[in-house]
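What follows is a pair of complexes built around chain A, which joins chain B in one and chain C in the other.
The block that comes next holds the complex of A and B.
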C-alpha cells in the first residue's frame, strides 16, 4: 500500500508552526516524548515506547563457529524488521527498503562497531565455538524516530540478556546448561551507546530549526536529519546527516553537546531500568513480563491530554520567534552566505546514499544547499574522534584538521 | 416502519450490536413505498439487508441506516463528503487520494463554473473537499465538487493556510453529528473554520497558528474519550494552549 501523500497544507502548517516555536504536540523543540522501557518474561526481551512509536527487541543466542579472522571473539548480529504492522505503507516481508537498511546501518555502527559489547567474553573455545548473539528488532508502531527507539531497545535488551552457562568437557565437547541447573551468565557491556535524532526543518532558505525526537509527520516534512550515535563517555560512534541542509559547524557542535547531555539521561534510564528489572526478577518466581507494564495507545493519549490540561503553556510565542527558538537555532543567515566563510562553515560534503557530490564540485558551485552526509565510524580506532564539551576550546585549525580527517575517511 | 422490517428494536437511543452477516431487515422496494438509505457497513442483496461490519447499528430520523464501528481505514461510500489530496493530473481527470485503497478521480468539469475553457487549475498536494458520486467495488471512486444544481455549496479547493490531520472514522462522524455540541464548545474560545471529511481527515483554519494546534488537540480528545467527557474537557484543553 502506498503511503498517503503529504499535502502542501500539512507541510506549510508544520513549518509555519515550527517557525512560531510550536510543535503539534506542544513539545519544546528539544523535548523528547515520554519514554517507557519494559522487559518481558524472558531475558533479553525489551519493549521501548517512545510516544506512539513502539519497538520490541529480543536477544537470542546460539553456539557457532567463530570467524577464522577472529577466532576468540563471539558474534553479534542485528536484524531490523519493519512490517506493515508498523505503518501500512511499509512492504510486507521486512526485506529491503531503504528505511530498514538505514536503520540497520545506524544500529550496527552504534552497537556492533562501537565495540561496546565485549565479544571476547562470548568465546567458549577459541577457534571452535563461540556464542552468537542475535538482536531482533521489530517495529510495532511507527510514529517517527525509529533510530532512537530501536537503539534504546536493542541496548536495553542486550544489557538485560543472560546467556546460559556452558560446560566444556576435557575432550572438547560443549554442553549448554539450562537455566535451572546453573545460573545464567549476564552479558558484559562496557558502555551504553545512545542514538539521538534531530529533525532539521527549514521554514526559509537561510533558517534552520532543530527539533529533537521528531514524530512521523515531522520526519516527512523535515529537510534534513541529524542522527548522532554516541555514548555518555564522550565518544561519537556514528553521525548521519542526510538531506539537503547546510548546517554551520557551531550548530552541529551545539546539537552534539545537547546530544551528549541527552545521552547521559538515556544511558542512566536504560541502566536503571535493566537493574530494576533484574532485581525484581530475582525476587519473583515467575516474572510478570509485559503483562502489567505495557500502556495502550489510548491510555497514553489520555495521559498526554491530562498532562496538557495540567500544565499551561507558559507564553504562546506568536510574535517573537526569538523567545521560542531554542539555543540550537541558527543565529543568523548572512554569515552563512558569506562566500569567504563558506568552505569552512559548511560541513564538508560527502556522498549520501546514491548521490555523490565531490567536494570539488561543491566548491565550484558554492551552493549553500549542500547534500551532506557525514558518517564517522570508529571502525578504525586511530581515527576515533573524541568530542566532548571542551571541543569548543579547540582552535579552529584543529577542527579543520579533524574535518579533513573525517572527509578523507568518508571518501574511502 | 413497514411490517416487513424484522430488525431488532432500532429506537434512537439504544443501538444494537451487529456482526457481519447478521440479518438487519428485509427490504423489497417493489413491495413497500418506504425508501431507506444504507450507509457504511450494510449491504442489500436478495431483498435483505445484512451487516458487513461489526459495530453498533444506527438509524437517523431520515431513515439512513449504518453500522457505527471503530476503524481508521476509509472505505468509499456513495454520497460521502470527503477530503482528498491531489495526487496527479491524468488527462481530463485529477487523481485524488481519499485515504481509501484506490485513488479517486475528479473531472476538471465537476467544479463550479468550470467549462472546457475555464478549467480549475489544481496543483499536486492541494486539498479538495468533495462528494463521492461513484463508489463501488468495480470502479474507481469518483468525486464531484458541485451539487445537482451545479453549485459548489462549500465544496472545492480548500484555501491555503489551514492544518490537516487525521482522526479515526467514528470521530469524524461524531464531529458532524448535528446534535453534538462539541464544535460549538470549541467556538466559545476560538473562531475557526473546520472541514470534516468522512474519510477521517479534518482541516482547521484559524487566524493564529497557536489556535490551530489548540483546536487540533481538542478534536483529538474525542479519539480517547466519550462524547460527554470530551465535551467537559474540551475547554480545559483549549485553555491550556491559548
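The block that comes next holds the complex of A and C.
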C-alpha cells in the first residue's frame, strides 16, 4: 500500500508550527519522548517504547567456525526487519529499501565497528569454533526515529544477553550446556553506544531549526536529518548527515554537544534498566515477560494527556497564557529590554537558540513566560516575518545578547 | 608500519595536510547530458548525468521541484578483493547520500516536474570514494549545464596518532576514522557529513576543519579545470 501523501495543508501547518516554536505533540524542540525499556522472559530479548515507536530486539547465539582472517574472534551480526506490521506503507518481505539500508549501516557502525563488544571473549577454540551473536531487530510500530529506538533496543538486548556455558573436550568437541546445568555467561560490553537523531526543518532558506527525536509526521516534513552515534566516553562512532540541507559548522557542533549530554542520560538509563532486570530475575523464579509491560497506543495517549494536564495546563493561573506557554522558547530576555521588538525576536530567537535549550532551561523560561504573559505568537506570524526584515539589524544584536545570556544560564 | 615517518612525511611523500594529485576531465561521452572523470590519487571515478528529463515513474513526480536520483556502482576489480555484487547495501547507502548532497546544491525549483539522474561508476578505490564520487558528479552536473547554487566539493580526513591527515588512502585510513565532508565552498556551508569508525570528540573538530580546508583546495582545482574547459570550448566556438 502506498503511503497516503500529506496534504499541503498538513505540511504547511506542521512547518509553520515549528517556525513558531511549537511541535505538534507539545514537546520542546530538544525534548525526547518518553522511553520505556522492558525485557522479555528470555535473556537478550528487549523491547523499547519511544513514544509510539516500538522496537523489539532479540539476541540469539550459535557456535560457528570463525572467519579465516580473524581466527580468534567471535561474530556479531545485526539485522533489521521492517515489515507492514510497523506501518502500512512498508513493503512485505522485509526488503525495506533505503530506510533499512540506512538504519542497518548506522547500527553496524555504532555497535559492530565501534568494537564496544569484546569479540575475543566470544572465542571458544581459535580457528575452530566461536560464538556467533545475532541481533534481530523487529520494528513493531513505526512512529519515527527508528535509529534511536533500534539502537537502544539492540544495545540493551546485548547487555542483557547471557550465553550458555560450553564444555570443551580433549578431542576438541564442544558441548553447549543448558541453562539448568550450569549458570549462563554474561556478554561483556565495554561501552554503551547511543544514537541520537535530529530532524532539520527549514521553513525558509538559510534558516534551519533543529528538532530532537522526530515523530513519523515530522520525519515526513523535515528537510534533512542528522544522526549521531556516540557514547558517553566521548567517542563519535558514526555521524550521518546526508545532505538536503546546508548547515553551518557551528550548528553541527552544537548538535553534537547536545547529543553528548543526551547520550549520558540514555546510557545511564539503559545500564540501569538492564541491571534492575537482572536483579529481579535473580530473585524471581519465573519472569513475567512482556505481557504486563506493553502499553497500547490508546492507553499511552491517555497517559500522556493526563501527564500534560498535570504538568502544564493545570498549574497555569489563567486561560489566556495556556496556549502561549509551551510554544515560547526564550521570550523573557528581549521583552524586558525592549517591548516594541518583542514579536520579531520571538521568531528569530527560536532558530538560534533552539539548540542551547535544555529541558531545564525550558522550564525556567516557561515560568518567566507566565509572568510576562505573552500571547498570540502564532496568529501574528505573518506580520512578524515582515517585521523581521525591517528590524533585522537590531534583532541580530539582540540575538547575540540573548545567547550570552543563555550560556550564562547554562553555566549556572 | 609507520604511517607518518619521523620526518613528518607519509608513505607517498605527502605531508599530513597535503591532497593527492587531482586530475579531472569534463565531457567524455555524447549520450549523457553531462559526464566527467576524476582521479584523486588512485581513486578513479566516472560520472554521467542524464537530465533534466521527464520523470520515469509518475508517482514520484513532484510538480514543485525536480527529482534527483543517484546510482553508484563499483566495477568488479575496483578494490583489492574482487567485488561480488556491484550494488550492495553500502553502495546503495552511499548513492542515497550523494543524491542528498545534490538535493541541497541543485536549484530544484528551476526544474519542476522533471528528473535528474546521476550515475557514478567507481573504477578504482583507494580511500575517499564518496568524496571522489561527489566531485565527479559536480563536474558532470556542470558539464550538463544544470543550475547549481555553488560547486560541491568533498574531501576526507582521518586521524593517525593524534595527527589529522588529509585525503587518506585505503591503507592510511584502516587504523583511524574516516570523516567525509561535502562543502559549498563559496558559501562555506556543509551539505553532507559522514563519519565512520570511532573518533574522539576532542579530535573531531580538528579532523572536520582539515577536511573542510581540503574541500577548499579541491575547489581551486576543480574551478581551474572548469575554467580551462570553458576557455577551450569558447575558443573553438569563436574560431568557427
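Assume the second predicted complex is superposed on the first by the 310 of 412 C-alpha atoms of A that agree within 3 Å, B and C clash if a C-alpha of one lies under 4 Å from a C-alpha of the other, contacts with A are read in each partner's own complex, and residues count from 1 in each chain.
Assume a residue touches a chain if its C-beta (ideal position, glycine included) is under 8 Å from a C-beta of that chain, and two chains touch if they have at least 3 such contacts.
The structure presented is a predicted model; accordingly, all values stated were derived computationally and were not measured.
*Asks:* Clash or fit: how do chain B and chain C relate after the overlay on chain A?
*Replies:* Because the two structures are overlaid on the shared chain, the partners are seen to fit without clashing.
*Asks:* Touching A:302, do we find chain B (first), chain C (second), both, or neither?
*Replies:* Only chain B; A:302 stays clear of chain C.
*Asks:* After superposition on the shared chain, which partner residues are touched by A:247: those of chain B (first), chain C (second), both, or neither?
*Replies:* second
*Asks:* A:43 in the overlay: touching chain B, chain C, both, or neither? Say first, second, both or neither.
*Replies:* Once the two structures are laid over each other on A, A:43 reaches no partner at all.
*Asks:* One more residue to check, A:311. First (chain B), second (chain C), both or neither?
*Replies:* first
*Asks:* Once chain A of both complexes is superposed, is A:22 in touch with chain B (first), chain C (second), both, or neither?
*Replies:* Only chain B is touched by A:22; chain C is not.
*Asks:* Which partner does A:7 contact after superposing on A: first (chain B), second (chain C), both, neither?
*Replies:* first
*Asks:* Once the two complexes are aligned on their shared chain, state how close chain B comes to chain C by Cα atoms, in whole Å.
*Replies:* In the combined three-chain model, chain B comes within 7 Å of chain C at the C-alpha level.
*Asks:* From the superposed pair, tell me which chain A residues show up as contacts to chain B and also as contacts to chain C.
*Replies:* Overlap of chain B and chain C footprints on chain A: empty.
*Asks:* Would you tell me which residues of chain B are touching chain A in their complex?
*Replies:* Interface residues on chain B, with respect to chain A: 73, 85, 87, 97, 99, 101, 123-127, 158, 160-165, 203, 208-210, 212-213, 216-217, 220-221, 223-225, 233, 236-237, 239-242.
*Asks:* How about chain A: which of its residues touch chain B in the complex?
*Replies:* Touch list, chain A to chain B: 1, 4-13, 16-17, 20, 22, 24-26, 88, 298, 301-302, 305, 308-313, 316, 318.
*Asks:* For chain A, which residues count as touching chain C in their complex?
*Replies:* Within the complex, chain A touches chain C at residues 2, 98, 101-102, 104-105, 109, 113-115, 224, 226, 230, 234-249, 252-253, 256, 260.
*Asks:* Please output the residues of chain C touching chain A within their complex, sorted ascending.
*Replies:* Touch list, chain C to chain A: 59, 89-90, 92-93, 96-97, 99-104, 177, 179, 182, 184, 187-202, 204-205, 208, 212.
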